[in-house]
Every structure is written in C-alpha cells, then in structure tokens.
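Inspection log for the structure reproduced underneath, given as structure tokens.
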C-alpha cells in the first residue's frame, strides 16, 4: 500500500490540474493547472525508476547497494526543462494578452473574439 | 528505378482506373468541338445600344459595387435551412480554451470506456 | 520595477558572487555529480534574477542589453551543435564522444575518485548548455520584468 | 566525404543542419538582412537535398535506414536515441521538405516589413528541425521532445504578430492545447516504459503482444487522444482554425506539416507499436455473444466515426465562415478527416485488398492535402499582403489586378475539392472506392462532403476574385516575385502529382503503405531478423 501513495499523488495532481484548466476562468490559473499536470507526469516518471532501498545513481565513490534507475531521472529532467520553456512562453503571451484586452478572464476573451 | 514509360501508365484503383492524360486529351477535343460549333453562331451583337444593358424586370440597375454578392450571403438559403445544425455548431465553437480541453477529456473518457473497459 | 532598499541591494551584491560560483561549480562538475548545464545555469540565472529584483529592471536593462544576451545564447547553442558535428567529423557518428581516450583534454578514463578531467565532450557540452541557459533564462526574466514594469509598459 | 557517407549520416544531418542554421541565423542577421535570407534558403535547400537523397534510397531501393546517436553499432537499442527511417518516414519527410522550402522562399517578401526577422527565421528553422525529428525518430521519448520543440516554436510563430491581440490569443490557445496533449502522450510513454522497460518503438512493438494488458490499452487511449488533438480531429479541432487563421501565411504552411506529423505519429503508434495486436490472428479483446471484438475492428470503427464527424463539421463550418483563412482552415479540418477516414477504413478491413487500397488512398491524400491546402493558405497570405484585408465580405474583383494569384487559387481550388485532373482527385478516388466496398454510406458521405468543399471554395473564389471592381482596391498590385515563385512551385508540384498519379502511387505511396501495414520489417531491423 505504502508504495502506491506516489501513484495516488500522481492521479490527484493530474485531476486537480485538469480541474483548474477546465473550470478556472483566470489565464494564470490555467497555467498553474498545466504546471500541476506536468508535475504529476514528472512524479510518475520518477516513481517508475525507484527501487526498494536503492541509492542515487551516481557512479563515482558510491557505496554498495542497488541503484535506482537513471533513465527515468534523465527523462524527467528533460521534461522539466521543456516545462520551463513552455511556462515562460505562456506567461509572456499572457502579458501580451493583458496588454491588448485588459482582462485575463477566458470568457470575456472569448466574447471579444465574437464581437470583432 | 524510374523509367520514362512509367510516366504514361494508367492508375489502377482496384475496380476502376484513372488516366489524367487521356482525360485531358478528351477535354481538349471537346473544347475544340465547342469552339468549332461556336464559329457557326450569328454575329449580330451590337455595341453601344440597349443590348449591353442589364435588364432587371424594368427596375433600375444598381451600382456595380452593390451588385457584388458578399461572401457571407452566397449560400444564404443553405445556411438558413440548416439553421438547427449551425446553432449547435456555434454553441460548440466557443473560442474558450477551457472548453477545448473539456472536449479532449470527454473524448479521452469515451475512448477509455470503449477500448480500455471493453 | 524600481529598486529596493539599500539593505537589500548590499546583501544581494554580497551574495551574488557566491551564487555565481556555486552555479559555475554545478556546471563544471556536471559529468561527475548530479547537476549539469541546465541546473547550474538555472542557479546562476536565479542569482542574476536576485540582482534584478534588488536593483530594479530599469537599472539592469541599462547595464545589460537583452540583444547581447541572445547573442550569448546563440553561441551556447552553436557550441553544443558544433560539438555534435565534430563528433561526426572526428568520430564518424553524430554526437560521438571523440575526446574519450586522449591524454590531455578531458580524456582520462578515471574510475573511482572524482576527476574533473574526464568524460570527453560531456563537460564541454555542459559548458555550452550552461552558457545558453544562463543567457536564456536571464533574458526571459529580464524582458518579463521590464515589460511588466511601469516604465517599460509605457514605452512599449 | 563521398555520397555513401552522406547517405549514412543523412538521418542525423536532416535534423542537425536546420538546428545549426537556426542558431547561426541571429549572428548572420547582424551582418546583413539579405545575406541572412540567402543563408536560410541555402540551409533549407541543403536539408531538402539530404531529404531527397535519403528518401530516394529508402523508397526506391527499399532499404530501412537506422542511425544511432553517439555510437557506431546499435548495441543496446533500449536506451540509445535511435532514428529509424522506413517507407512511411521517408514519405513524410518529403512533405516536410517541400513545405519548409516553399515557406522560406515565400517569407522573403511576405515578412519583409516586419521587425525581429532574425528571431522569425530562427524559429522557422527550429520548427523545421522539430518537424523532421518527429517524422524520423524511432524513440518514444525523443518523439515527445521533438513534439515539444515543434509546438513551442510554432506557438511563438503563431503569436509573431504581437501587435494583434487575436494572434497572441491564438498562440496561447495553441500552446495550452499542445502542452496538455503532449503531457498525456508523455504519460502514455511513461506507462509503456514502466511496463516494458524500453523506449524504442521497435522494441516496444516487439514487446506488446496480442492479449493486451490493461496498461497497454490505457497507453493506447492516451496516445490516440493526445495525437488526435494535435492532428485536429473533431471535436478537438477548435484550436486549428484559430491558429491557422491568425498565423502569418508562411507559418501556416509549416503548421500544416506539423499537424500531419502528428497524424503520422498517430498512425505509427497504432500500426507499428500496437501492430502485433492488430493482425487478424490476434486474440479478440472480448466476446459479446457470438461477436468477437477485435482491436482493429474497434479502432477502425472509432476512427471512421470520428473521421465522418470531422469531415461533416469541417465542411459545414467552412461554408459559414466569412474570414478567408478561417474558411481554408476549416476546409483543412475536413481534409484531415478524409485521411483519417481512409486509414480507419484500412484498419477496419486490415489484411484485405480494399483495406490496403484505403490505406494507400489515405497516405496519398496526406501529401495531396499538404500541397493543396498549403497553396490555398499562401494565396490567402498573398491577398492579405496586397490588400491588408482578411474578411471575404469586403473583397471583390481582385482577379483584375492579381492575375497569377488567381490562377494559383484556381489550381488549389480544383485540387482541394478533388476535381479531375488534379492530384486531389486521384487520392479521393481511391478513398471513395475502398470505403464503398467497406460500407457504402461512408463513400456517399465522403462524396457529398467533397461536393460541399467545392461549393465552399467556389464561394471564396466568387467573393474574393470575381465580381465588379471595388474602388478601394484600384491600386492593388500583384504580389512580389518571391511569393509568386513559392506559389508557383507548389502549383507545379500539384500539377505534376495530378498528371502522373500512377508514378507517385507506385514509387512513393506503396512503400509507405506497406511499411504501415506490416511492422515486422521495422522491428526486425532493430531486434534482429526472425
């Protein structure tokens, strides 16, 4: 049971993230939702690489014992880097949107789309 | 390797075939025939008379610019008769990011029930 | 964003070199310990962001131009791709680690204790990535801070 | 370096050359603007040359190329980043190369008046690199990385005209959609990795055996949903008209390519990675009464249903639009539906002759759609360039001033609505015939919607090009030469494809369809022969 807790956390993070993206009106909150989904997926990847009582996969001067898998960690790292780029891009777009429309409410933005 | 003959081959589609070169030849011949037939027509068209004016049941002719049917009016009848579909479709296209994701989740759920559970 | 009080400015000036050194250490030891180009670069960039917060975006924009940062970023990226291309030229495969096995330059095959002079092109690639990440992240933070500050917003 | 060496390394070089070019562009841009444009065109041209070299070897000589990064031998393919090029990949990169080259030539004049062009060209090249990566890679995680590179750079390009609020908004929608789609794809990849301890597509395809586990099915659902959203399948298509409509025309052209790269990835996942469960002797998922529910039948029905909805909604919405580029974008949605329909039909009737025919039709339609829709978008961009107008309601009589553009639009119109003798007809004929053999209703819907598509473009043609001269457009001039050359290139390719369909199908489409339908070659190239 104790080893299922990370997976429950993954499911919870993804669900909360999806909830935020779908039901929140503020663009910033949507972005927060996306980052939550992303952390959920990253947590899932990291959890896959864990083995019971394993040590960090550093080769130099390591003590005896099994290592946890390094590949999921590399994947997670790549995913985090991509996430940073996406986050920066989304925030800069939000700055531009706020400048043009003076609002961050998705529904009001969708209405402006109709009027023009 | 690609040979020159392979350019001319007919495209077999299983139960039919399609060769654009033959088709073009046929079209060109048809145009030639039409052109020749056109040559037999009368040449009685008179410029600078009433003949060149448009006749709109006696109504005065509009300005040229107003005569042009605008883009959204072209299929007015079609869109009017299918209003019920368009109402639903417009309801669907809200232009709201959250709704886009909602559709994604809905489709994912349906697929999950169809593929995963069955 | 205008600058903060003198205390904050002084403290961040004192702390900045340490952050810088720590970040550069993480970059340089990327092939031996956890970390590498991105992590170290992010640390250095956060140090720069600290200066940015302390002194204000307008002052920082006057010192460092965003255009110069993007030039550095290009150099980092070119370094990375160039190293990969050198792998094609010297080692017959793209991204080949052609430096492993030579005696002088990052080529030793050290086992056990940490030796920084190892791992072939990996440290070089870490440097390139570090340069790119420092310049890129700092440029992002700088431009965002400038765009949301009052003066930057008006002059836009 | 002789030809063989270049050929061996070409899968890597196709990615590396645009990447190197992308990062050199800001530096060269400091020297001279014209030099930069020439440099970008040369870079893309070199990539195109490599693409043609590679795809000739793969398609005509029937080889499968593999390329492992960082090492000479394959060793352990599970971890290493690996590119694998078979018929389908080679087919897709041809599309990518044509579109990118045309887009770069087009942007010379089209984007001339904008500032920040060094960033524009950098992003274009990055997008091209990401697209080629998506089309070439044989590794699941690598695919995710390239997907994200493509979506980040294309989002920045969609929002390139930041002085227009709607462009920025479209860019934001696009990045939200593509990030969430990509994250779910990553989740699926993680599930597969956790189960089989492999990221390589061929190794995974070998591991996923016929009675699928629950996790396999979950991963399949996530992959299909995420990639279908990236490809713009109704009802997940709404980002597509926004993004296509607001982006600069040259960017839209490459966006068509990236959308189809997602579509390709969908086919690759279903047909290759899950290929073992699709074959006829695979165990059925479940029995309800007497009926065996097999994976290929179920997926085929789902895909065909989605495709029919896509076609109908796309065409109907296109008929209603009054914006030039949005109209074409909805038509593009409908066209994607045609490919999806054909491939779904091929999945439904897998292993039969008409199933294979449907698959061929769908794959042939991918390249035709890219060319036709791309040409129409370029024409829309040319009209925007000349008149600064996007609404169809305010246009009229443009044919008097823009003769060449009109001709190009006419070619695109005929091709996209499947009129003989253009290329769209050949592929649609294949689709009609094969779907008729599977279920006549599918073919009837397809033909009716094709007629409606013609109606859509006749409306566009009428309201933009025909009609009396409008005084506002009296001094409208024909667009500059580079744009005409770009459109002319696409038009020439369309006419060539239209005149020699048999040549194209035999030499380009057949290997791609065979590669999709039979995944054993793809697997044995990595794992070792059976």
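So that you can tell them apart, the chains are marked A, B, C and D in the order they are listed, and the count of residues begins at 1 in each.
Methods note: contacts are C-beta pairs under 8 Å (C-beta built on N, C-alpha and C of every residue); 3 or more make two chains touch, one makes a residue touch a chain.
What you see is a predicted model; the values in this text were computed from it and never measured.
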Chain whose Cα centroid lies at the greatest distance from that of chain A: B
Centroid spacing, where centroids are CA-atom means, of chain C and chain D in whole angstrom: 36
Chain centre separation in whole Å, for chain C relative to chain B (CA means): 56
Distance between chain centroids, defined by C-alpha means - chain A, chain C (Å): 23
Whole-Å gap between the CA centroids of chain A and chain B: 45
Interface hub residues of chain A, defined as touching at least two other chains: 21, 30, 109, 113
Residues of chain B engaged with two or more neighbouring chains: 94-95, 97, 101
Chain D, residues touching no fewer than two other chains: 172, 176, 180
Category of the chain touch graph - line, ring, star, complete, other: other
Contacting residues of chain A [partner chain D, same complex]: 14, 21, 27, 30, 34, 37-38, 41, 44-45, 48, 71-72, 75, 78-79, 82, 85-86, 89-90, 93-94, 96-97, 100-101, 109, 112-113, 116
Sites on chain C touched by chain D in the complex: 70-71, 74, 77-78, 81-82, 84-85, 87-88, 92-97
List of chain B residues in touch with chain A within their complex: 94-98, 101-102, 105
Parts of chain B lying in touch with chain D, wherever the complex brings them together: 1-2, 6-7, 9-16, 18-21, 23-24, 64-65, 67-72, 74-75, 78-79, 82, 85-86, 89, 92-95, 97, 99-101, 103-104, 106-108, 111-112, 114-116, 118
Touching residues on chain D, where the partner in the complex is chain C: 9, 12-13, 16, 19-20, 22-24, 26-27, 67-72
